[in-house]
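Just below sit the structures, each encoded as structure tokens.
Two complexes follow with chain A in common, the first pairing it with chain B and the second with chain C.
Then we have the complex of A and B:
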């Protein structure tokens, strides 16, 4: 069992946090490198510095957009199919033969996406825990953190990393 | 409990649709076509998103009201089965449905591949499988 990565999106669909573990390969990383080489030199250095600034927000933005797109469409699909029934959580997870993506959305529209290996059991309680005792405690209750902006808070980063590494199925 | 069966052709078109219970909402036929098209694209993207190389597309989708199982045949046709979250043995059911499809759709000389499926025998035999499980 392995945890590969976590994405957090705000209610405005922007990636505000990203982290990966266990040498997960990001799908779009080669693509962005290819695009960058086609740009003029001045722009290239600019986008390179942008990339380093953003690396801990959305990993690489291509992947973050793909993840958001997939989750958004699946959520809509599930909501359509459960319209009129008493569904509380809606979309929970999906699985391929190589990985499993777990999804949690807070009432305020914060979306947490956790990618693990395919054999992993339901991580709903883990996601709830991350939300209620790591995000709420370290970001929401932090008077200096602007809501809906990238999370640069060391306390949050540290405790999230510690929590994920402490999971029994981390590796 | 089996709620619905959708069959999507290799181009993302919905070629068969059957609801067996009212456990999930019924949509308009237009919405079903959109759903099939969306699922088809997501299936491709999910295989690209993988943290490890060589992933397949989405196989199981879990929601709190239902589970959706997807298998893709070697020719690209996708079978989507919407079941109760607690339904077990879905692989075996899928295999049965695929056999029924092979026998009554693919072996039907009047069926044009990739076109909507209208075959009474297929309906009839599917109903038998579903009845066995849902009763």
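Then we have the complex of A and C:
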């Protein structure tokens, strides 16, 4: 199993964090590869030349918008279809041949999207963990981090990277 | 720090309503195992000096109330995330449930108290939080001019004088706004002002809509 990338969106639907691992574009994730064509050419060449296969950019790219669009619509559709029933969990993940997208939303509106390979098991506990011990501890409790702005915080980046790499199904 | 120390009240009110035992259980659990605690006296005295400084700076109690509320709001919008992370609660179904969670888990988690929820309005959009023992107002005695509404104002005295713990109102407002509940929160009475009880009134204004992505066009 493999973790490809993570997107974090705030309450106002803005992308505040994005990171990619395992060079998803060439690792067989057709979807990310397809989306990547929408990115500015400069970014693509940069990722191609990146020897470590690690790009770390702030959100606000075309990709982020597309991902958000998909997630947002799916969530609404799922909620509509399950109206009246127990809809506390709602939309959790979807899967294609190439990848699986996991979704977590806190009641306060933070949304975390994790893209892994298709064989991955549920990442709900991982996402919850990212939210409660990484995001809340390093961003929310950081007095210098302004709410609703892109996360530039090294501590957050560091611990998130470490946590994801430490997952048994990272690569 | 204003006022003179008074003897610490040791008795802890035991409110146990069987109906919401589960929420209480969660609150107790979190309080016991997952909360970083600081010395209550340090906390009370720090807050006291904060309020005292504000009073000195603004020289106007109404303005101090506003500032406390504003500070509380900024605390609240962050605090809610910690609250949600620690409690991993699902969304509340009704406002009644929200009130229960606020008192049994919210107040418990951050202040170690479980205030009473009461005085529901008929449409369940308004309730009161009665705080039996307010950790903020330990050792506090307000000067006389902070108690009384200025002689000029007649009626509508709720907005005048110092509401010492007004920061709580801001916190509640900020936190609830983040979970899409727009509320008005204000103090009705405070034992520091020689009232019988410390009462915060919470009124649901409306349930906000979730933000939608800005369209590309």
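In the analysis below, the second predicted complex is superposed on the first by the 136 of 171 C-alpha atoms of A that agree within 3 Å, B and C clash if a C-alpha of one lies under 4 Å from a C-alpha of the other, contacts with A are read in each partner's own complex, and residues count from 1 in each chain.
Going forward, a contact is a pair of C-beta atoms (placed from the backbone, for glycine too) under 8 Å apart; a residue touches a chain by one contact, two chains touch by 3 or more.
Note that the structure is a prediction, hence the values are computed from the model and not measured.
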Following the superposition defined at the top, how do chain B and chain C come out on chain A, clash or fit?
fit
Is A:69 in contact with chain B, with chain C, with both, or with neither (first, second, both, neither)?
both
Between chain B (first) and chain C (second), which does A:77 come into contact with in this model arrangement: first, second, both, or neither?
first
Should A:128 be classified as contacting the first partner (chain B), the second (chain C), both, or neither?
second
In the superposed arrangement, does A:147 touch chain B (first), chain C (second), both or neither?
second
So, A:156: does it touch chain B (first), chain C (second), both, or neither?
neither
If you stack the two complexes on chain A, which partner ends up touching A:107: first (chain B), second (chain C), both, or neither?
second
Have a look and say if chain B or chain C is in touch with more residues of chain A.
B
Partner chain(s) touched by A:18 [first = chain B, second = chain C, both, neither]
neither
Chain B versus chain C as contact partner of A:136, first or second or both or neither:
second
Scan A:94 for contacts with chain B and chain C and give back first, second, both or neither.
first
Between chain B and chain C, what is the shortest CA distance in the superposition, whole Å?
13
Both chain B and chain C touch chain A at residues 69, 88
Quick one: which bits of chain B touch chain A in the complex? Just the residue numbers, please.
23-25, 27, 31, 35, 38-39, 41-42, 45-66, 82
Once bound in the complex, which stretches of chain A touch chain B?
4-5, 20, 24-27, 63, 66-67, 69-70, 73-74, 76-78, 80-85, 87-99, 101, 115, 117, 122
Residue ranges of chain C touching chain A (in the complex, touch as defined):
77-78, 80-82, 84-86, 88-91, 178-180, 210-214, 216
Chain C-touching residues of chain A, taken from the complex the two chains share:
11-13, 65, 68-69, 72, 88, 106-110, 128, 131-133, 135-136, 140-141, 147
